[in-house]
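First subunit A sits with subunit B, and in the next complex the same chain sits with subunit C.
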Partner chain A sequence: MTEQTLKTLDRARAARQWHPVATSDDLRMRHVYHGQILGRELAVWRADDGHVNVWENRCLHRGVRLSIGINDGHELACQYHGWRYANRTAGCTYIPAHPADAPARTICNNTYPATERYGLVWTGEAPEGTAPDAPELQHAGNHLLVLRSLPVNAPLHLTAGHLADYTFYRSDHTRPATQVSTHLRRAGEFQVAVDWTDENGTSALVFFLQPTDNHRTSVHAVLATSKPPDNPLQRLKDHNFAMSLLRDRIEQAARQHPTPAAFTVASPRVSEALATLPKLAATGRKAPLRVVVKSIRDVATEIKAFELISVDTQLPTFQPGAHIDVHLANAQVRQYSLTNAPGQTDRYIIAVKREADGNGGSAFLHQSVRVGDTLAISLPRNNFPLRRDAVNTLLIAGGIGITPLLAMAQTLKSADHPFHLHYFVQDQSHAAFPQLLSTFGTHISMHTGLSPEQTRTTLANTLEGYKPASHVYLCGPAAMLSAARDLAYRMNWPDEAIHFEFFKNTTDVTTDQAFTVELARSGLTLTVESGQTLLHTLRTNGVELPSSCEQGACGTCRVGVLDGEPLHQDVYLSDAEHQRNDCLMTCVSRARSEKLVLDI
Partner chain B sequence: MSLCNDPVIRNQWHVICALEDISPRNTHTTLLGESVSFAANTDTTGARAWRTDAPDTSLPVTCAYGYLWTCLGTADKPLFALPEYAEADRRNVCAATVGVRVSAPRAVENFLDMGHFPYVHTGILGEQPHTEVREYDVTVEESTNDVIATRCRFYQPMAAAGADGGMLVEYIYRVPHPYCSVLYKSCPSDESRLDVIALFVQPVTEETIRAHALVSVIDENSTDLSIRMFQQTIFGQDKPILENQFPKRLPLDPRAETPIRADKSAIVYRRWLSDLGITYGVIPAAA
Partner chain C sequence: MITLYDYELSGNCYKIRLLLSILGIKYHSHTVEFYPAAEHKAPWFRQINPLGQLPVLQDDDYTLCDSQAIMVYLASRYDSGNSWYPRDDPQRLGSVSRWLAFADSITNSASSARLVEGFFYDFDAVACRAEAHRLFRILDEHLWFNAKSGHHWIVTGDSPTIADIACFPYIMLSEEGSISRQDYPAIRRWSDHVKRIPGFTVMPGIFPAGPAQ
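And now, the complex of A and B:
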């Protein structure tokens, strides 16, 4: 290199390009790789399903580097407080300090696009187009050997200049003194290609420059040979030796120039909603997601599993216990639990049982929905969150009530938390997802063909001997669920250890009496007429509230009660919660007193 | 190294060394980016401190709570009170001094935080699956302007050097100084008393500290050595986490990080630092 003023790196322009950040081999199983592009630190990790994640290297909570976190194959957990972030979405799925809460869906780390090409992992802040071509590496029949990448303490343009002048004299006396010659093919800002000729013949050598920072560069190199190299290890050693010598020359040259200042990189701010303590999001019953039915499988008698994939965007993060509303073409809205395993973030899997006496939702899905159809669904919502701080977890499912518990069982199994799943079914052919069930091994007990009395006895045996920090999750038909819940109370399970989800509200809901509600925070006083629901009255008066099942089963439309005595009519709250009279479900609850004061 | 031009921090007393480590020979340390020297007095008790480049002008000193404190500006008020230190039956141990590449407020915030116990101090101050941080209360006390967190409860498998088996431990945290915090916790050997653990942070620069610990406990059984080993294990576990926090200075912009209910004390501490007008060791919120 001749003495000249160094060209500087245009950060704004470079931010729009793809850059290599690691070799594909750097992303070893369950490893988290610390990468850096243009001064921005990145946590780069591969999930067990092969997906490469490139994230801001910072936990949103307290700024600890995620590159020191734990990759469990499905999720990345922060070392500091154990927050868990999902594969692909980087959405937070669990906050251990508040094990009873489902984290706000919007807690989501910054992700950057990632792709693999020529044995390297590529990313960028806002890259346009696709990862760059290297024509030398694209010849059909060429064999690619990714060499060891070298970090260089020198600016990118200085490094590129030296690579264009790449020469190497071998002074290794242990091997025949074959002359190595290099010949420049092309030199670009971020890519340099040379022909390398040695005793093995001529091969194309392409260097990709990674702008680690304003004053630091990493050089990735890929060698293309026409036949598979007979001694790849020797090739790797030769090139590592040659490139190390070149690095010494580049760093020596860099010392002749003033070192450019490191880039200042702003950490993205979190949304205003996350900066304050979390509140309930205000949305109506909306279906913002469009999914395509990828497959429909029979997973048991009368039960079909639907795999739903997104048309364009990444599906939002979900947590075990979450459900979605499916808006059907026959104008019905039905709730289905996600059965997914943690990290299975590329699709939603629901299971639908055909109800002979149901009012058409399941029949419609079974008969009319086909692979390739588009469905409108809500964001996943979790009113049945799984605590992961239990010493032991009992999962009790009846029939199709298995669905949310499948997600929970897979989560507990993946984290190696103690749990046992009891599955009550009519007969073996009614047990959904038999293959998945078999993976639970000794953690599952099947109870088939029991009479109501036998079911009671089995439940009683199962719930006997409550130990502190145990939790039980119940989902199934109303009769079984109520029986199990009453048994648990009788066997001294505390209220907060019993978690349940009804499919539907089978109690008789009245809308007879009119009553008055005062909205403490909105400053409104409204009358709920007979024949109208509180939820409907609120919405028609411009008060936006989230809702889902709208029959008092799912808990989505819950609001706080400040004064007055509600007539609950829901099956979401426990008896103790009903007695506290501090919240109600706006879709079915009414007033026993003349007036209610609500915390909205 | 940039010098500290934050008047609130310049006028504070800052810890520089354990008294038991001071000898008549000159010793050097760094405080707020400036080189400071100190030595034990040979004729009287106590010690003398001075700027290394101005040996003839003495800096003000205070000997308190087992440590030597000095002030590079004008010490406008005495060091905060810690009356428990003077109780006759207490064991007072200068238990640890650990250098950490982080800002002083990040270290204080870590000291106030219970949520990390099961993950960072596994098997000692916390243990999975007992990860829940229960509701607690935080206020800024009117008379003293100290931040106080009360009713803090956490399951701990081995809360102190003298502890034997797990228990739900109750804590009170107090922040009487921007860079110091005092923790009062249930005493395993006497239900009516509280053990005291104090963190005194020496701001070496804006982004480097020395964390000093005072342990003041009612415990007849533990040796000084075992108390030190316990405290140094705890600090040693915190160090790699704190050194991987980014940015190193504590961001006071509420939108820089995501708080949860368990972080109430950190939210109040950050707001309190903002209200005091502190700029050293923090990234002030944009006005």
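And now, the complex of A and C:
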């Protein structure tokens, strides 16, 4: 015993191993488990889709424990300021203090790998290989029973030493309890296995030791029997009683020695920048992600849904309203909104309508892309963020414009926020994702086969009676969108309550006139020639800017205007925003005045 | 009309506010400044409760002190479903009394450690914490086996009793006395169930639960 008690844990080596952190049963739905490995505290939670998340137990914002947070089945919300983090990615999806903004992708908590084996949840700081084998539990036909795990206030090696001579009392209703001695099969650093034979055949008990900290250990135990246990609850009680007595002895023994110091654990640094919204990174139109088409299905007349999964890594966090650029083999780039529900972070789902008059992007996806194909896509980008603090939210979709609103509707429904979705379609067969739509129950109104005039009347009825703290989100064909937007203004909806996303710019964009731009921060003065875009001119002169649709619809390439009058030509900004002349879209906007001064 | 002599940061007063809220009973709260004024030791208050302890309940001309006793009274008088204090079931009723006594032990340990840290009381905090951990181990084991048999509450049965409310506050406030609940996963899961009881209300230091599935 003495030698073992003096042995200490090699933390660096243990950090490369898998350790049990809880039983699978500990992770009840909508619960957050408070775990710890090697001194590092962990928030462990199961999402409604079954995925087990093991995260650093601190909110990136102010360091509050996430184990007291709220697991809503899809996201984990911090109790302090309500920052929400997505299932799987741990990326931040919403910051209540900035309800109108999309959190930057860089706001992401530390995650640790997780797996389930033998009824236990395993994790580690940087584990190699797979969770360890326990040969006693592998026999086909064995019946496994996960016992109640016991935390012990003693170092791991001291605890392991005591488990080697495990005995217990087998209780029965008919006769007094009988003592059962076991014999040791193996004693490893993190596993001890014992077995015995009685009238019920051979049983093996494997103890898995969790190095909670340098001075604290949790003992998980799995019982394997050749026959199903006759009275499982009694067996659980027998072993719980024996293990509790043993724990008393172990803790008494531990008190004979000085308590080893707790591990010091480096926590991820919480930068001040994370407390506010970081600036957008300056990048061009890039497609860093490779995804594989997992399935293609018809979800309405002329509309196919594409399910995209990652080739190797976790797909980045998205928020409702986000879109991705899809780079197609015919050298076209198209934007598609993610229709995903919150927490559905193992795939991206986009829906593509085959446009008869489109210039090939949708036709290519419909005809040429097959299940198993690899596509290059951008990181998700959100220029259509959803507020979650509205008293009421109206979602108005026309045709394929339903896609970002599906993600929003699912988010609002999951959080039980009041909302209503109005979906305008040609006829019922054109309504995308009918099954999903049916889950919205009384929160959805279908408007089918309306003439433009009827559509206008319905929109007017829908938008009537603005109440403070209501928000409306619009997405659909340009004509309907402009009509809805104008109606909303006329009915006294304030600017900041009207949110919309065009999926294309149908106005005639001119590039005729050359003009001069002065870049206030870069100190450059450039001439944009006729036939060139401002975006192109900036890039060829080394000014990096993010962009996405490059047709004045998505808002990604927006920059501030300090002086001069822009010729906007975009459909992203509202009329009021156009009149303010304080920003423009570099992909389509030009100058009415001779010169523009830009805030870049 | 019910008047509750109340202090917001008191777990024992919170037990009564919680039960009143769950039973949907209207009441008037009369704040007694426990700290720093020590109003509960003032002569006017000791005329109401000679023990000088909070809470005290007045229901018209009936006055009652002691949080567990007040819960027995409120549940017996106002719970028409007869489920919070199950007078018709001798075994469950016996168990309720057993856990009310256990709740007093939690108050004498976990709450005392919190009084040392937050209110500058002169108790042996180390002994208080050790005793609280001993009690939490017993309750965690009890709740773990109850849950294995499909029961969520402290006293076996389909619905919660005042025993759950009696134990809840000072367990949930234990970290204010440096008593971690990390080692008690069954207690942590039980607390989610308590927080989802319709009518549940919070107090400073106790957070709400998310929606059930």
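Descriptive notes on the structure:
By our rule, the second predicted complex is superposed on the first by the 570 of 600 C-alpha atoms of A that agree within 3 Å, B and C clash if a C-alpha of one lies under 4 Å from a C-alpha of the other, contacts with A are read in each partner's own complex, and residues count from 1 in each chain.
In this text, a residue touches a chain if its C-beta (ideal position, glycine included) is under 8 Å from a C-beta of that chain, and two chains touch if they have at least 3 such contacts.
Worth saying up front: this structure is predicted, and the values here are computed from it rather than measured.
Shared-chain residue A:Arg388: touches subunit B; no touch with subunit C. By the document's definition of touching, of the two partners only subunit C reaches A:Asp416; subunit B does not. Once the two complexes are overlaid on the shared chain, A:Asp373 sits clear of subunit B and of subunit C alike. Of the two partner chains, subunit C is the only one that A:Arg28 touches; subunit B does not reach it.
Applying the stated contact rule after C-alpha superposition, one finds that A:Glu116 touches neither subunit B nor subunit C. Of the two partner chains placed by superposition, only subunit C is touched by A:Asp72; subunit B is not.
In the superposition on chain A, the residues of subunit A contacting both subunit B and subunit C are 68, 79. Those residues of subunit A that touch subunit B in the shared complex are 41, 57-58, 60-65, 68, 79-82, 95-100, 107, 267, 269-272, 274-278, 388-391, 417, 469. Within the complex formed with subunit A, the residues of subunit C that make contact are 141, 144-145, 148-149, 181-183, 185, 188-189, 192, 207-213.
Across the complex, subunit C is touched by residues 22, 26, 28-31, 33-34, 36, 48, 68, 70-73, 77, 79, 148, 151, 233, 236-237, 240, 244, 416 of subunit A.
Note for the complex: subunit B touches subunit A at residues 114-116, 118-120, 128-133, 240-241, 244-247, 251, 253-262.
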